[in-house]
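Here is the structure we will look at.
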Amino acid sequence: MSRDQALSKDEMAALVAKDIAPGSFVNLGIGQPTLVADFLPEGSGVVLHTENGMLNMGPAATEGEVDPDLINAGKIPVTELPGASYFHHADSFAMMRGGHLDVCVLGAFQVSATGDLANWHTGAPGAIPAVGGAMDLAIGAKSVFVMMGLFAKDGTPKLVLDCTYPLTGVGCVDRVYTDVATFDITSDGVVVTDTFGISYDELTDRLEVPLVRG
Amino acid sequence: MSRDQALSKDEMAALVAKDIAPGSFVNLGIGQPTLVADFLPEGSGVVLHTENGMLNMGPAATEGEVDPDLINAGKIPVTELPGASYFHHADSFAMMRGGHLDVCVLGAFQVSATGDLANWHTGAPGAIPAVGGAMDLAIGAKSVFVMMGLFAKDGTPKLVLDCTYPLTGVGCVDRVYTDVATFDITSDGVVVTDTFGISYDELTDRLEVPLVRG
Amino acid sequence: MRVRICATAAEAVADVADGATVLIGGFGMAGMPVQLIDALIEQGAGDLTVVSNNAGNGDAGLAALLAKGRVRKVICSFPRQQDSWVFDGLYRAGKVELELVPQGNLAERMRAAGAGIGAFFCPTGVGTPLAEGKETREIDGRTYVLEYPIRGDVALVGAHRADRMGNVVYRKTARNFGPVMATAATTTIVQVAEVVETGELDPEAIVTPSIYVDRIVTG
Amino acid sequence: MRVRICATAAEAVADVADGATVLIGGFGMAGMPVQLIDALIEQGAGDLTVVSNNAGNGDAGLAALLAKGRVRKVICSFPRQQDSWVFDGLYRAGKVELELVPQGNLAERMRAAGAGIGAFFCPTGVGTPLAEGKETREIDGRTYVLEYPIRGDVALVGAHRADRMGNVVYRKTARNFGPVMATAATTTIVQVAEVVETGELDPEAIVTPSIYVDRIVTG
């Protein structure tokens, strides 16, 4: 679907949603990845996990539905779908860390050419670190998808040879969805699987990471 | 209650029951220790644990009550008391191994002067070993009580300097109830706390273990 | 991936391969997936490693699987029982290998497999023949043995009810090893008395969430 | 030992000692034992180590405990939030120590404490700053970090209902850390919305069995 315009956040989310197989068990990270839920097709049977102890989480609660005991990992009130189940935190993270989730979708500051992920801490002096479940998610799911803009505001790429930010996980990212291109991180290198509003040549020019044409 | 006659199995069980504080959480091993349940006073609030996943187990099921899904660790049909709960094997053994049971009562082949326990395997050639939950129980409870005859059929003592049978646990036994005497295993030695139908002198004569008069 | 509701136990176990490690639930007969074991015997896979609390009772179920010579190795806590004559005979004849594991280690090692734990320092068995040759370490004044996960290719679990999504509940002490085995196997097959509509099980009382269940069959 | 049903939260926390490690349940406000924290503030114990997922929100609850200067150290996974100004200020002023722990490690380390596990090889955090200086080991081709138990002197847990024996159930995602914390502390104090008669809770649906509960108070 290569095209001549960059993707909006919704379009990126739709693209991720299309790559999630029906019936998958999926954890959507806080922030942009949450958008993916809106683009899962009706009847896909995709089951959403939230690490604070629930499977088959439903959409965000509307005003009349808010229940303070029913929130997602971002502490947003959510709803319960038929077939939902609840479990405690150790069981929930055992589920993640034991490799039972099919897909998790995460935001990122940086992804390296070998799939290292940096998404929890800028390392800036004075910044208070907070990690939450990011490190558990990064290493746990069968497939880890990252959604991010390919370039930072100052134009520097976020797909890099080596992460300069503190790592969340080593070699854990499988696929990267950005506004201008999608990438598979493979043992043969970083494969460009699609481009949007950028040419392959411009991409290779702007990234230090060696690319493989998909 | 020192007296001039050895204890019957029921009397031993009654003695153990008297030493279990009201409200204790208790696991009674297979065999003789099971008798202890019959001597817990009405309203003691003692809660019985069975390692196959239940707290507040009731007495053995009578004929009309038998439910094949409700058995104890000895695979005997039992009943459920109000306030019972069920959990899976990993949770059940976490409960034992994490030190949450107040007391467990076990049978034994041998107990050593330092509280080593041998109760799972005779080590006889050709014998098929089976351990079940014995090793987990031995190291898990806050207090481990042993019930056994003090002497084997051939007259050799079962309270010994060092166990000759394969060990179940090291230094884990706190108290030993036998037909002719009771003992506390302490850091100051083996203390005789009571005798039944045997004199203290005869006891010291027949055991190699150095004894302390309680 | 989505659970498959199988029409027969035969369909549910059709792809169990020779050489597989099969986790079999149950403690005594409570929670024993009898139909699945019978179907596995019929199916014919051999050279199996079986992980189960016991090593078969009487002549049916696991005992029958053993009697057919399909089992290379048994990993269990309590093989010797009054009615374990099939295992006893094979073991004495050197025809089946035994790894004897304390019951709590059996459960915790499968939990570790399901939870992504690489190994754990365990208080059970220290100083006993079952810890011989194993790595030990003193931590905070107590000695522990290092124990490793037990993973299954397949888990055969007996349970009470499932919904159409694959959420499972058990009954009383028949819960026993089922929930941990379901987490520890690549493919988990659950035999239930009844399949109910999704939404009929209380979300607070589901013991094995659908993520751990691959196939369901009513037995 | 038998559970004590306390008339007030003050009675329930009366003996928390200076220097105690206090496990505090809740994820955001879900499962937060607000009355127990308020009572602890009133009670006055200081020099505390607090283990909780977050480090306080707004000015109430854990944030108020921090503001009073009662907390020496926080062990948590996610201190920084939009409304964590109390913690932020103390941390920047060097007035509170922080041990940052990945959320899954926080839960599993408390589970280990409750389950008698001496330490475990954990897949999370390998190669990151949060594993720096920790022992690692390669097992079956994967690298793990060795993590140790987190034990509490006291656990303060928010739950839904308890029976008079001390069995506890939770509501929806308010379950979160409560069940593991209840297993990991010497004294577990549970705040519930309602105490019901023994026998009224479904034995199949009890999440925290009475053995883990020392005191109950209705909040």
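First chain written, first letter: the chains are A, B, C and D, and each begins at residue 1.
Criterion: a residue touches a chain if its C-beta (ideal position, glycine included) is under 8 Å from a C-beta of that chain, and two chains touch if they have at least 3 such contacts.
All of these numbers come straight from a predicted model, not from anything done at the bench.
Chemist: Could you work out how many touching-chain steps separate subunit C from subunit D at minimum?
Modeler: 1
Chemist: So which chain is the furthest away from subunit B, centre to centre on CA atoms?
Modeler: Most remote chain from subunit B, centroid-wise, comes out as A.
Chemist: Just how far, in Å, is the C-alpha centre of subunit B from the one of subunit A?
Modeler: Roughly 54 Å, centre to centre.
Chemist: Could you please state the distance in Å, as a whole number, between where the Cα atoms of subunit B are centred and where those of subunit C are centred?
Modeler: Taking the average C-alpha coordinate of subunit B and of subunit C, the gap between them is 29 Å.
Chemist: Where the centres are mean C-alpha positions, what is the separation of subunit B from subunit D, in Å?
Modeler: Distance between chain centres, rounded to whole Å: 34 Å.
Chemist: For subunit A, which residues are shared contacts with two or more other chains?
Modeler: Where subunit A meets two or more other chains at a single residue, that happens at 80, 86-87, 93-94, 96-97, 139-140.
Chemist: So which bits of subunit D are touching at least two other chains?
Modeler: Expected reply: 108, 111, 115-117, 122-123, 170-172, 203-204, 207.
Chemist: Go ahead and list every pair of chains that touch.
Modeler: Listed in label order, the chain pairs in contact are A-C, A-D, B-C, B-D, C-D.
Chemist: Using the touch rule from the top, collect the residues of subunit C that touch subunit D in their complex.
Modeler: Contact set of subunit C toward subunit D: 108, 112, 115-123, 137, 139-140, 142, 144, 148, 169-172, 202-205, 207.
Chemist: Please name which positions on subunit A make contact with subunit C in the complex.
Modeler: It comes out as residues 21-25, 45, 47, 49, 55-56, 80, 82-87, 93-102, 139-140.
Chemist: With touch defined as at the start, can you tell me which subunit D residues reach subunit A in the complex?
Modeler: Against subunit A, the touching part of subunit D is residues 27-31, 77-81, 84, 87-88, 91-92, 98, 100-108, 110-111, 122-130, 160, 170-180, 207.
Chemist: Subunit B touches which residues of subunit D in the complex?
Modeler: Checking each residue of subunit D against subunit B gives 1-2, 111, 113-117, 163-165, 167, 183, 198-199, 201, 203-204, 206, 209-212.
Chemist: Sort out for me which residues of subunit A touch subunit D in the complex.
Modeler: Per the stated touch rule, the residues are 50-54, 67-72, 75, 80, 86-90, 92-94, 96-97, 116, 121, 126-136, 139-140, 166-170.
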